[in-house]
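Below: one structure, written as structure tokens.
Labels run A, B, C, D, E, F, G and H following the written order; every chain starts at residue 1.
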């Protein structure tokens, strides 16, 4: 019921969103990086997202938009 | 039983000793002044002194020596 | 579907220079969201410190001044008294506020100047590369206490909220944490209240945020936030230290 | 007959420049007596402030340094660390310590530096002619608050002992008064303890003395001491604020 | 002309500042300028301004930074040790281009020194005692009326060039009483609005940022060059100097501030004695009235005598202006001692034998 | 000769200070000199000294005042904004005649400015940024070895004249690594005892008072004259300068510190190109090596070129020394930009066309 | 040009004596400077001020050799007595100074100022008594100018006007 | 005289690469300067250092035109490529730089440094691989000098010596 989208270029791959997600559906990619050279966060299982915005709450760089 | 002596030249006539004396035997002179121009403290009734040193305790200028 | 969370327009589009996982970014967002929610746009002046947040003027979407190291409360005082209708805030680090600037914060607080101060306590000098801060924990390593802070040689950490709470001037003092989701939500409430107080003319309000510095703590971002939630919260208890109705 | 009271040899023969009835003189004597009684002659360095006590170096019979306004605790820190066996004290006024020098006193205290600080709170800037001090009472007149101190425009008085007591570093903090005989005797005990603590290596100790300024309060000396015993003691309660065993 | 009032230099400066539109003062007590904060403490309240007795001189200068940065007319005052403490703040103010006024009623130094008049902060005021390349417009009034007149226009000048203006006096100037005519109250609406000031309305493209940080060297260098250009244009437009009997003079006495007027009396005495003396008295010590000296150096003058209440500071600017064309001699007193006109005459007469 | 070590300028200065007997350091972090406090924090503990990370630069300089006043060898270090904050303290130190060492690794200003190398604190260091008439012995090393050598003797000089010694470097000097040979550990017993220091033994006639307050003008004037005499004797005994190919030079490049070595390379290139260039590099910028300039100005040199990382500060001392005898031109960069030898060569070549 | 030094100790009103002359000069459209020697940052000690009155603007406010010295106490007399110009005037407050002035090239007037002030019932006005003597002796201003100056200066505290004018006149007519 | 600029981003070991050369120079009794360009007071960004080795003492540590450029990433190559002297040397870390250098007046060596380092089992030693290439190409020092320099520099952490020497040799013998 939730949906997260990432402003990829702002992500620094810190993983705080990953840690915060109660559904454990986020991960920092080991392969995908942005122009700044950071590996970026991504959602592995969009279906499971409940739109709680915990991820966005912890993201220091306002990367994530959450819809519900 | 007590005896107070004053280092006259140090006295500034502030009257704190006068206020502190439980026997009320001290006064700031209205006539006697020292070289600095201050009217000085004096003991009006030496007999009554009990040597409690309250006067000396309050004197900011270490004017008073107390014996007992 | 509707948007539950998106970046506040009270932050500019400029990408922030903070290290990955540095919670300065969260603190910025909370302040910006609060200002947006309170509808004070067009009446805000912020003061950036010297410290990692020195570039804060690039991020907050309002008029900004950049103050000399430690002097943000003095600068904010000048701004506020010149236009008392504006909402004025200072954003400061622990070196800035608790070391070189301790006089300025105490006197702004005791004056009760109607400003809001956001205090980022990350227990380290971030910008200059990891020297000991007044809030560095006993045992914590820094480049000027390489074997870990030792009270005997390095002195004791200062608890700023406790210190300021002894003064008559402040109307509101709270310590919050940025270590986990729940804490961040509480932090947001505190920031809102601190600004609401200013709008209501209640006088000086102060929010201390326990924050991370993964880089100089030599930790991963998640290790660092858990250090905040555990070690730091242990040393610096959360809560309201003063609230004048 | 034997001598019950005479001037201590720890004061020089120089006649003090203080105004008639100014209790700075009593404070000097208490410090000097304590140093004499503790037998530390030949191992003492004092630090004079900027304020009416700036000439303290002429009166204390020991090595003395004269510090920049507010910086006596920093100067004392340098002296103490250079020769830790010496007994080092700083003597400061309320403008010196609580206004321009608040950072230095807080950080010396939080470091727990093993020095003794004597703080003369006379609620005014004596030397410069009666401007408001951080400790000026609400309602009290000064040349920079001619209608009486008003919290709104002039800020609130600071209670220094209460402030410092929130820190971990200090070993001993007491507030005493110089307003009457009994208080002066208690003050003497506090000074003795503060120095004894230093001798015992217990760390930072601090004695605040409520003191008079007949000249700038525009009172007679006795009016002034009773203002100390009443108004000031009301605002600044006497007692021990911290004692670490 | 307005009614005359007998005022101390310090009070007159404070009143003139208020009349010029100053609505914020922050400062910390120090002799011999206490009349300024004391006056401001009640006077600003009367006109709806704000007075802050700051916790320190450091705080004071930073409060002025904030206030003036927010667009107000703000000032601070102090004396020597207090001005030293303001050096970082002054450098920031210059770097952030904030117009404000700073008053230094100089006392004798170094260190705690004494409280009597001196001119020993000349280098600090004119060359920049703080870090970095920066300058201020520095006025050196010699009378209470000049204090008032220069103070009254100083905010306009500060705002024109976006830099601090310093009024460099001394204890004598602060304490002396003279009759002055005061200018009218400035209508605050006639003060030009500052587009760059943080008045709070900024959002998005309209944001105002007051800042002195330039992390990219090219940008900071450009800023420094911009500032230098401002100083250069100030030199063209703002240099003020009093010349007195210079044209036919054999010996040019030169001094600024209160010493300037003492030297002027000396010129009169010397002339009476048949010595052709003249006077160059800079009214702005930065920008320095170099042209007056160059003209005199290329003319009839045989020598210059720099007179100052310091150990030899002002003389350097005189020498730099005279460029070795004529000898420049030195007569200074220090520590709070002041030369009388007769002392100057004696110095000139003795040396000329 | 001792074994060589590869060290940063900052570290080398810290180590040399310890070897010279420094046992007290107080300072506050600031780029680009953080290696000094960081090094001192563990190194002083090793040798039984004390390191204090002070609450501010103001506190740091006053801690040094106390420590050095008590007879120890004490130092502090900072960079531009921090040195501005120390100005009051430095003035006190001079007024109270306290020997100690102060290091300024200059960064670009004014204000918060930038953190890249600059020489924009020249006036502050050489003319006195604080209040009152005072000077310091100011060393301007150009290499890490020179840092070590000058640091090592600076305490002796400070104590000889009872004044602070400043080491004026820049970010480049602090960060550069070069091979140095370090001097031996000074035996603390060989350091002369200071009779004036507050070592605690004083009582009655033997009391020592460290003070800069002189309420009687004549006494303060006497003190200022005494200080001036010290500065004069320092000028005779302590002036240091490097002259390079000056005798037959048509154009004298002149620069101090790191810029001095850049200019030296430029001299070499110019000579290769057939331009008779020479170099005067002051090693002490106060006292200034006036004699070297006067000699050159009276000799073959046709002109001087002052090269500095500021907008025109050092050039004033050059002009004061050259006394108008020859033209003095200016080549400066600022804001953290640094000229290369080739830039200097280009400037000279272009201007000479 | 008239150059005057007034000296005494703090509390004797030497500064206000000088100021009174400065006010009169201003009201009379003369140029004037009044310069106090301010003491160290603390209480007590001596005080003096230099007053210069001129028709055109005053250049130096510093007086090396006064035309007139008003000495209210002994240390002040000792300090300045030799500086007074040949042919000048010295006013001595003989209430506090018992010595005679050992100069014969100046006019000397001894005034028992404290006693006179006491007699007219205003102990604090010894300075105005001396002012009266000075104005009479110097002829600097008309009597009426001074009376109206006193009235203007005390305009905010009108009850002080009569007694101060009386003290002035007591001196003027001595 | 040899003038070298080593550039890359923080973490690639560009500063220590330069330092290694500086150490070797010192051990060989040559004059040397190593000058980092230190970044703003915060994290990230690029890093570079200038190294000058000479027989006599080095005057200017500032390099306008290096004899050699070691470029560990693209921005660094772009920044310095045009400054290298005619006839100079450019070492390109081709693991991160896919472009070819568009100059034909210099010698260019492409090194897949990350890959080589990975192969010898020391991912962090790509800088030492490049050092090896540089020493071979420039002939600045003997191979053994560098091997012993590595040993001396890592003397406090001896377990790092073999792998770093191996990385160096991998480059040297590339």
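List of remarks:
Going forward, a contact is a pair of C-beta atoms (placed from the backbone, for glycine too) under 8 Å apart; a residue touches a chain by one contact, two chains touch by 3 or more.
As the structure is a computational prediction, the values presented were derived from the model and not from experiment.
Steps from subunit D to subunit H, taking the shortest chain of touch contacts, total 2. Under the contact definition stated at the top, the chains bordering both subunit B and subunit C are D. Inter-chain centre distance (subunit B to subunit E, centres taken as mean C-alpha positions): 53 Å.
Centres computed as Cα averages put subunit A at a distance of 38 Å from subunit H.
One simple way to say how far apart two chains are is to compare their mean CA positions; for subunit C and subunit G this gives 62 Å.
Along subunit D, residues 19, 54, 66, 68, 99-100, 102-103, 106-107, 111, 128-129, 134, 154 each make contact with two or more other chains. Those residues of subunit G in touch with two or more other chains are numbered 40-41.
Touching two or more other chains at once is no residue of subunit A. On subunit C, the positions that touch subunit A within their shared complex are 1-8, 11, 15-16, 18-26, 29, 180-181, 184-185, 214, 220-222, 225. Partner subunit C is touched in their complex by these residues of subunit D: 99-100, 102-103, 106-107, 110-113, 134, 151, 154-159, 162-163, 165-169.
Those residues of subunit A whose C-beta lies close enough to touch subunit C in the complex are 2-3, 7, 9-10, 12-16, 18-20, 38, 51, 53-54, 56-62, 64-68. Listed in rising order, the residues of subunit E touching subunit C in the complex are 23-24, 26, 50, 52, 54-56, 58-60, 62-72, 74, 88-89, 92, 96, 198-204, 207-213.
Contact residues of subunit E toward subunit D in the complex are 28-31, 34, 37-38, 41-42, 45, 51, 53, 55-57, 81, 111-112.
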